[in-house]
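Shared between the two complexes below is chain A, which has chain B as its partner in the first and chain C in the second.
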Partner chain A sequence: MNVLRAWIEERLGLRAVTGFLAKKEVPRHKHTFLYYTGSSILLFLGIQIVTGVFLAVYYRPTLAEANTSVARIITEMPFGWLVRSVHSWSATFMIAFVIVHLLGIAFTKAYRKPREASWLTGIMLLGASLAFGFTGYLLPWDELSLAATKVGTNFPKAIPVLGAFLSRLMRAGDDVTGDTLSRFFIFHVSVLPLVVMALLGLHLFLVQRHGMSIPLQEERKNVKVPFLPFWPNFVFREAGVWLVLFGLLLTVAVVFAPGLGPQADLMAPAPEGVKPEWYFLFMFQALKLFPSKILGLNGEMIAVLAMMAGFGLILLLPFIDNRPFDRKGRVITGLVWAGLASTVAMSVWSLL
Partner chain B sequence: MKIPHSLFSRRVFLNSLIGGWLAALGAAFISPFLKFILPPTREPDQVSVPLAEVKDLAPHAAKAFSWGNKPGLLKKNDDGSYTAFVTVCTHLDCNVTFIADQRRFYCACHEGWYDENGLNVSGPPPAPLRRLAAVVEGDAVIVRKPG
Partner chain C sequence: MGRPCLYGGHVGLEPAVMSERRLAMAAIAALVLLSSFASGMLETQVQTVPQAPVGPAAAKTPGQGTVAAPRPAQERMAVGVLLAWVWLSIAVLLGLLRLRVREADRVFRFGLDRAAGKTHQDPKP
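Then we have the complex of A and B:
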């Protein structure tokens, strides 16, 4: 065993990495729980990869077979309903934890210098997660997923100059067709995973590079913050969190397995109760509320531009709030609360 | 090295020249892919609906047909002529449904309404439904792009 280890060490020189992890420390304070949100996302991402590969074994991304192949997975394949349910619920859990992770960082101002690049890659990973959700929603190819995809791929059209091109790029033409389905599938299982791996690699590297950010409130206390060794103490705690989350996910997936609507028909009228996934509800509600004309301008274009501006502000937050770390940033905290409250309110409203 | 009176050094000149070449080469490589990912979209020049299918419709009743990848609707008018619509909502592209007894079009996605002439009357739709030209020719109704 030792010979093998020495052989590997001589060729790969992994001591630099293991030595780093052995010495790594995690600050311990009342916000330490926020550090678990990142690793929880990794747990759900891992579950998505494993269940996704299993689903892709039987799934067929064609107009004729998409819906029936999903029906076959959940009715005929042993535990197929569970694999699909876990994949669907794990997506929800993952996005929820991505949002909590982001909010935790925004509230503790952990995006400030030198961690701007961690924030940028993080927001890009959020975008990729939402793209995963959007492309995955179409794949069962039922009435609701078709209608939601029509809306979602039409809505970039309102972006000036590039909009029409973007919409055609997403749809593979002017309409949502079988070509759209193949395109969404290949994005979901090949392009987006590669993008996420690259961004995630950079994100994790940056987190190790800078170490864990200690919230300002803790540093102000003028007492030295105690540290917890990463290995084994913190890893064991994380393992506990993972076990609880995994149990919760399995329970929810078993009790609330998602159904499958009737096969999508390109010619049929949109069904009643078209709703996107919960994390797009606020956009859905905004589109419903914006009138077609605002002061003679296209209302949809204003809605899209407003959302793009909002996303741009979030992306550039570290450069907007580029003050030194010892400033409290009450305004930003207030804005984050306001943004969160309005998003939640819009989402709840859309369900009424 | 910079020659007297020159605006830039030899290094800057060569770097820009080679950089420009590389950019042109890159663009030449990328353009076929950009073309490739957008399939040619065909909208039909005309669609023919057999007259037998719509002849017996009562005025204000309608029959669905396919306009390429989009749903269409052929509606009988009071004078016996036909009006053809592309029944795709002008708001965000959902397929609309014709509610015959209310003589209105309804879009379930964002609660948009059109009257029976396809005019947007309520909800978010910004424009009337797209109309097509429909004429009876022999034993078929020929639907064409208007004009």
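Then we have the complex of A and C:
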């Protein structure tokens, strides 16, 4: 055993990593629970990779076979329905945790210097997660997914100059067809995982480089914040959180297994009550609220540009609020609350 | 390994910790027995329930979605048993993790990890 350990150590030099982890510390305060959201995202990502590989073994990304292959997975493969359900629900859990993680960082002002790059990579990871959800939604190739994808890929058309090109790039043509399905599948199983791995590697490196941020509220108490050793104290706690989340995920996946709609027909009209996934509902509702013309300009274009400006502001938040860490930043806190409230309200309104 | 342990007989907390450990072991044993009994009952029930056909259930009628729930009674039971086992295992593992967390926290509080060569600073209460 020692010979094997020495052999591995000689080649990989893991002692530096284990030494770093042994000395790593986690601040202990009333917001410590926020640290668990980051690692929980990794748990759900891991589950999605494993279940995704299982699904990819049987899934066929062609117009004729996509829907029937998913039907086969959920009706004929042993526990295929459960694997698909866990895959689907872990995506939902992951996006929810990414949002909670980013909100926690925004409220505790952990994006400020020197953690600007961590915030940027985090927002990009949110974008990649949403892209995973969007591309994955079409893959069952049922009526609802086709209609939602038509709406979603029509959305960039409102962007001036580049809009039509972006829409064609997404659809692999002028309309959603079998080529779109192939393109979405390739993005879902190959391009996006590579992008996520690269961004995640950089994000984790930055988190280790700068250490875990201590919330401003704790810093202002002028008392040295106590800490926990990462290994084993924090890792054991984290393992407990992972176990509970895994149990919850499995239970939800069993009780609320997603169904499969009838095979999509490219010639058929869109079914009534088409709605995107919950994390796109606020955009869907915002688009519906904008009038067709505003001061003689295309209302949809203004809505899309306003949303893009909003996302741009979120991405550049560390450069907008670049004040020293000891400033409270009440305006930013208020704006984050307002943004959160309006997003939730829009999403709920869309469901009514 | 090189890490100090409270069960090693150096800190003087063994009786409390050991009794907790015994309690945890007894709880685990009881849970294992109970779940074995429950899963046995469910398996017996599976054998008596007429099995639903698997093949035709996959067929779809136009305009109607495929329901993604386990169809055959055996799979339904298996899923129930699986869920019960998963939660049971989670409960047991959480119990064990709790013991390890408490031990690790005590080791850290008494500074025994620093004695073992780590370089954490002094914790403030």
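We take it that the second predicted complex is superposed on the first by the 352 of 352 C-alpha atoms of A that agree within 3 Å, B and C clash if a C-alpha of one lies under 4 Å from a C-alpha of the other, contacts with A are read in each partner's own complex, and residues count from 1 in each chain.
In the analysis below, contacts are C-beta pairs under 8 Å (C-beta built on N, C-alpha and C of every residue); 3 or more make two chains touch, one makes a residue touch a chain.
Bear in mind the structure is a predicted one, so any value in this text is a computation, not a measurement.
Look at A:160: by the touch rule set out above, it reaches neither chain B nor chain C. In the superposition on chain A, no contact is made by A:334 with either chain B or chain C. Contact with neither chain B nor chain C is seen for A:114 once the two complexes are overlaid on the shared chain. In the superposition on chain A, no contact is made by A:201 with either chain B or chain C. In the superposition on chain A, A:25 makes contact with chain C only, while chain B stays out of contact range.
In the superposition on chain A, A:82 makes contact with chain C only, not with chain B.
With both structures placed on the common chain, the touch criterion links A:298 to chain B but leaves chain C unconnected. By the touch criterion stated above, A:254 is placed in contact with chain C alone, chain B being left untouched.
Contacts of chain A with chain B, set against its contacts with chain C after fitting on chain A, share not one residue. Residues 54, 57-58, 60, 62-71, 75, 79, 83, 86-87, 90, 93-94, 97-98, 100-101, 104-105, 108, 113, 118-121, 123-125 of chain C are the ones that touch chain A when the two sit in their complex.
Residues of chain A touching chain B in their complex: 147, 150-151, 153-155, 168-169, 172-177, 179, 266-274, 287-288, 290-293, 298-300.
Chain A contributes residues 22-23, 25, 71-72, 74-76, 78-79, 81-82, 84-85, 142, 223-229, 232-233, 236-237, 239-240, 243-244, 246-247, 250-251, 254, 257-262 to its touches with chain C in the complex.
On the chain B side of its complex with chain A, the touching residues are 37-39, 41, 43, 64, 66, 68-71, 87, 89, 91-97, 106-111, 120, 124-126.
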